[in-house]
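Naming follows writing order (A, B, C, D and E), and every chain is counted from residue 1.
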Amino acid sequence: MTTTLQRQRLKGTVESVRGGDLGVIPVVVGLVVIWTVFQILNPVFLSSRNLVDLAMDSAPVGIMALGIVCVLLVGQIDLSVGSVSGLSGAVLAVLFVDQGLPVVVAILAAMALGALIGYLYAQLFNRFGVPSFVITLAGLLAFLGLQLWVLRGKGAINLPFESGLVNFAQLSFVPPWLAYVFVAVAAGWLFVSGFLHARARRDAGLPARGLTGLLVRSGALLIGLGGVVWYLNQARGVGWMFVLFVAMVLVMHYLLARTKWGKSVYAVGGNVEAARRAAINVKAAYTSVFVLCSTFAAIGGILMAARLAAANQSSGTGDVNLNAIAAAVIGGTSLFGGRGTAFGALLGIVVIQSISSGLTLLNLDSSIRFMVTGAVLLLAVIVDSVARKSRTSHGRA
Amino acid sequence: MTTTLQRQRLKGTVESVRGGDLGVIPVVVGLVVIWTVFQILNPVFLSSRNLVDLAMDSAPVGIMALGIVCVLLVGQIDLSVGSVSGLSGAVLAVLFVDQGLPVVVAILAAMALGALIGYLYAQLFNRFGVPSFVITLAGLLAFLGLQLWVLRGKGAINLPFESGLVNFAQLSFVPPWLAYVFVAVAAGWLFVSGFLHARARRDAGLPARGLTGLLVRSGALLIGLGGVVWYLNQARGVGWMFVLFVAMVLVMHYLLARTKWGKSVYAVGGNVEAARRAAINVKAAYTSVFVLCSTFAAIGGILMAARLAAANQSSGTGDVNLNAIAAAVIGGTSLFGGRGTAFGALLGIVVIQSISSGLTLLNLDSSIRFMVTGAVLLLAVIVDSVARKSRTSHGRA
Amino acid sequence: TTTGGTGSTESAKVAFLMPDLASTRYEQADAPLFKAKMKQLCPSCEVIYQNADSDASKQQQQANSAMAQGVKAIVLDPVDSAAAASIVKSAQSQQIAVIAYDRPIPTTPADYYISFDNEKIGSMIGQSLVDHLKKEKAKGGLLQVNGSPTDAAAGLIKKGIHSAIDPSGFKLLAEYDTPDWQPEKAQQWVAGQISQFRDDIAGVVAANDGTAGGSIAAFKAAGVKVPPITGNDAEVAAAQRIIAGDQYNTISKPIKIVAEASAVVAWEFMQGKKPAGKATLYNTPSELFVPTVVTKENIKEVLFDSGLMKAADACKGEYAAGCAELGIK
Amino acid sequence: MPPILSLRGITKTFGAVAALTDVDLDVRAGQVVAVVGDNGAGKSTLVKVLSGVHPQDGGTITFDGGQTTIPTPAAAQRLGIATVFQDLALCENLNVIENLFLGQEIRPFRLDDVAMETRSHDLLKQLSAKIPNLRAPVAGLSGGQRQTVAIARSLLGEPKVIILDEPTAALGVAQTAEVLNLVERLRENDLGVIMISHNMADVKAVADKVAVLRLGRNNGVFDAAEVSAEEIVAAITGASDNVVSRRAARS
Amino acid sequence: MPPILSLRGITKTFGAVAALTDVDLDVRAGQVVAVVGDNGAGKSTLVKVLSGVHPQDGGTITFDGGQTTIPTPAAAQRLGIATVFQDLALCENLNVIENLFLGQEIRPFRLDDVAMETRSHDLLKQLSAKIPNLRAPVAGLSGGQRQTVAIARSLLGEPKVIILDEPTAALGVAQTAEVLNLVERLRENDLGVIMISHNMADVKAVADKVAVLRLGRNNGVFDAAEVSAEEIVAAITGASDNVVSRRAARS
């Protein structure tokens, strides 16, 4: 029986690829296209050095996009992550530099403020049913005001370069040997957990991945990730801040895919009435994602301030909001709720930062740069959408 | 039979108000609260003079909000109305001032460009299924770039104060007698059309509004609108630009409520698959709203440039986008499609402009101003949402 | 000291990093002038020009990217003076010279500083207006339209304006930080103040030409006489308004001079030299230039006779008559 | 008389699932063909092919003598095929009248609400519908009320073929009887009717032919008058000894 | 033996529509009560009151001897009331297994997909479900497949009362027979069952009592063994001369 099931499974995979269920493959293809073109236009683009920067720059907004993914998954939105990140950076700077509090206390305070803001949003949403668009638009304005007020009479505050925080965001890289250990552990863990899982499934008479499949998968991870690490190590290596981002992606992936809470988030986004009737605490689900999102925005703001070694009045304004939301959407998260993954945030922000970094290297007029950014963004997503569309026309709407 | 039906109808109305189906009443209540507070804080607020400005300032972004309402009705979004408006103002200025073309030609060209942009969006949406969020985000960037490019080497272009266009947006007001004629015609038309309609319904054996009801309704309009006109006439009166805006609201209201096209828009937003199965040309519906929205954005941009008597590189940036979308949402348009009205755009923009105007008179620090704007916005919408919520809990979800 | 970057001086790279698009000068004046001068000094050198669009993080990315491309010097107009410290640190650790341009970097000394300062600009336009009003024996108070509340440079201009008008004896009726420097916002705010103060407004200090244009439109739209209004940047549109008598002043910054001076300094750094400044400010060898306030009286000489602006651009259509009157050809 | 609608070799797959394989079907004017089959047998997929919702992957459709394709619902409407879908496909935000006339509004540029409301009342009365308020959004309707609205919808226009996918599933006894009456009237008016149903009593009551689908393939076409319910069930389940017959034997 | 669930004077209005007025109902453990009535009679509203979806406006609910309120679905779940809704209420974006275990997942912090998948297979097999792939989103399922999933859902946990709103409406003949078998098993296991149905044959086959709702009010409770289908139909339609009897007379 196992073998027929395995054959079924294989057939399923093949069919699902043929049927257009390509997961993240299209975004990756889009990314490869972008990278190739930029590399042809300027060979610095794929240099280790530039990629090291690209990875570091992705982290703060990427973390914010991770929060946005959660909010979008329940079918809501948060327009205020930019303001919250700016406010959080300002609070951090005032507490740490102006008030001389220990940096850890300042960080925790900024994060707590973020969480509180999310909680406030959730209360307004759950009690009054105000659309989250409006709540967070109000938040966008109000917290920008608060940020200006916190920095009033100061303008900008420098964070000391010597502080661990700034060091973390600018200069601390994983020692090469440790990076390779990480890769090995990841591949090993993927194999062992996959193996145990497959065995449990087989014991229960369910179709399961074969040993070869598991080995290939782990081997691919080992070689792929190992290659990336090796290449980045040609320059300064893998930044700890990027490691933090990836770790957060993995944790969120686990929470969304492998816990009851995660299922409740998808359910609320898919059909809130069905979720309610399944006795899911819908309000708690909303509260959790709003709190997560604002807290992540605060973390993003802290890292942005640390990377800049300064907090100022314009931190978090400009395109931070749109970039965070766009990263989530480009990574395949639906604006209508119920569809998306944590990895999407990672891919999406890498697409956005690649476009930005590639264009930076091209030395264009701002007018042209805006136009090209728009065009490239569109192209990257068209690849993805066409694939998705073929899936829909195959009836997997 | 007619009388029982009439009684039923009356009962229905009473019940529906009691059941929370208050239409626009809650937003109006929110507006009254805002007005009262600002008037107490600064008696200039409700002066004829200030209200005249408020009405004029509402028109450009209000027209853009009208387009947003249409796009939201089909469950899509346009993030680029700001950029399109800025581009349109720039094109107008270049053609009219730099190239010396007749103003009408310049206006038509700018509008045609807007329509073309909408058409382009619709093609990308219909063919590739790219989420409109991403398409219009790309448009936001690309058309901002184009605007900068159109104005390259110039920065800002003055529109002559003497031109009819600038005059229209700044100084031309409806002569008092004509304004009263408009009011009388409106009230008369409301009565006559209502009467004819009621007669047709009665003839068909359907319940219909009674004569008293019709008279009361028209009388209320006559007195209400007449009062407004009288008050504005204490200062400079009713601006033609505001009249244009109101006329566009009325036309859009007619199109949405009383034509086959309007029903198709609501249907696509309510359940696109049901609309498709009802042989509605879904793609045409999307195309029409995207074209409308971008065209309205272009008109808004023309009027903004006219009101400022200049087109510059920052026109249409900043909060123009968010204000247009927020006006639609505050006016009760759902972000998920299928619910909203043209009048919502009018009410929404008046709420937003009232907040902005009220704060303008209060001479606050910008940090406080942002915070207060956020808070007031939220309060205005909470009133509305609470009413809506009571409707939902009455089972009219 | 010039081991940073690759290749010889002949084909060296230099970065020219500008802060925003809100003001058109960076893209339209500073960058082309710098490039032209650089070309003249070193025909084979490459200038990497970037504009950060008011985003300090973006500017940091642009600087990192320039360093990855092996530039030997960076001319930096910081979006945020505090945040620019990171760029200076990082560049100096790679032996890349940083020339602070337009705005200083007070906390971490750069290698050189070339500017006219924004605070000074604020005080000059304010003072010019106050002097004019006193001469005209004007009555009433002033409105102050500042730049973006999130823009550090706007903060400096604002400070400068206050230094001129606070002791002037004219009452400050109200002031406003214009979000994103948007002329439309300035217009709406000024319109509100017109409703409120009517004839009490003796003049308006607007922080740049865009907000000045918005203020003027507000008076026109209210059907009220336009009082004297300041500006800053010497845009063509502002020159036209000055010619037409709608705007009182603007300020012309010697962009050509600073841009070219910075090119010369950058080239010296690229060759491994260490130019000494004319002065020392913020612990940095510095060179400061003085801008010129432009009014109807001197617009011909300052803007047109000097070749900064072409009559063909400004004297079109309705402005032809005004130009003729002032003898601008 | 040739069939008004004739399918040959219709095939449709969804990813790995072959919903229809090589299906044939003929419907004549004035004939009621019941299509029956197990859950997931492909009945609704067949309906969707005929109504232009999901065009087939292979096979041919002949309508009114000529070979044709039905790429969209609009094409189906043009041919004269009206459909009541199993999942109803109503717009929850629109009211009953708007749903009834969706896409077929009277007077496109100045909607004639009087005519539409009158017509709605007539149509629904004919189906014994109990709907308190035609001007309330369908979101508040009961399951059977919605089904009645969907059925009434299909009677607008002048269709030549009507396809009903489980039309009586949610209907009360009275409404079911009315729908069966209606189907008989449609036959009298020379329309072709395809009715999907799981209810053998209803099938036996109105169908002329019974076509059985099993696992996406034809599994026999029977003359309704001659076949017994047990035989149909056997064709559906693929065995004469099945849970239905066992239940029947038990009681 | 006292009823496990007992309703007195339940009232519920939606705006102008009085969906339920003064409704009483009793269900005992080990008893199957069929609730029948015309479309819009208020059956589903009654179900929603009992499952905490729309709390009643007036009246009392007694469960297991004590008076109680059911303000939310979670409260219903805590009491031990499981419901299959007429509109099914599945999450289209989740797969069959996820829908089955929604809100009742095994091992909240490290989901046990092996156990859940095994259990799903068992449950669905018991209902003769034909579902090609349990890991595909329910969006692609046929009407009957969805209904089977919804029914299977209600059997998880340890309910004391199961409410089925038109459980067999979309089911094939085999699946219908399985569900009727299931209902009988539930009775044997001493659960209380409320079954809404329009199908008199099904009602007669498994119900112990038949409660009729008409226009939102009680219209009689009958002993299933003693009442004829015609009598029930007469109570539903409010007249012994009705369209059903006329059809029956005609054929």
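Going forward, contacts are C-beta pairs under 8 Å (C-beta built on N, C-alpha and C of every residue); 3 or more make two chains touch, one makes a residue touch a chain.
Protein names from UniProt, one per chain: A, B = Xylose transport system permease protein XylH.
Being a predicted model, the structure only gives us computed values, none of them experimental.
Among the remaining chains, those touching subunit A and also subunit C are B. Each chain's centre was taken as the mean of its CA atoms, and the one lying most distant from subunit A is D. Averaging C-alpha coordinates per chain and comparing to subunit E, the farthest chain turns out to be C. Each chain gets one centre point, the mean of its Cα atoms, and the points for subunit C and subunit E are 74 Å apart.
The distance from the centre of subunit A to the centre of subunit E, with each centre set as the mean of the Cα atoms, comes to 43 Å.
Centre-to-centre, using mean CA coordinates, subunit B is 38 Å away from subunit C. One simple way to say how far apart two chains are is to compare their mean CA positions; for subunit C and subunit D this gives 73 Å. Looking at subunit B, one finds that residues 12, 148, 152, 366-367, 395-396 touch two or more other chains. Multi-chain contact residues, meaning those touching two or more other chains, occur in subunit D at positions 14-16, 133, 136, 140.
Under the contact definition stated at the top, the residues of subunit C that touch 2 or more other chains are 21, 27, 149. Subunit C contributes residues 21, 27, 48-51, 53-58, 60-62, 64-65, 68-69, 79-83, 85-86, 89-90, 107, 148-152, 155 to its touches with subunit A in the complex. Touching subunit A in their complex are the following residues of subunit E: 51, 53, 72-74, 76-77, 83, 85, 89-94, 98, 101-105, 108-111, 114-115, 117-118, 133, 136-137, 139-140, 153.
Remark: subunit B residues 12, 197, 200-201, 204-206, 258-261, 263-264, 266-267, 269-271, 273-281, 338-339, 395-397 touch subunit D in the complex.
The touching residues of subunit B, when paired with subunit C in their complex, are 42, 44, 47, 49-50, 53, 56-57, 97-98, 100, 148, 152-158, 160-162, 169-171, 236, 304, 307-310, 312-315, 317-319, 356-357, 360-361, 363, 366-367.
Subunit D makes touch with subunit E in their complex at residues 14-17, 37-41, 43-44, 86-87, 128-133, 136, 140-145, 147-148, 166, 169-178, 180-181, 198-201, 205, 233, 236-237, 242-244, 246-247, 251.
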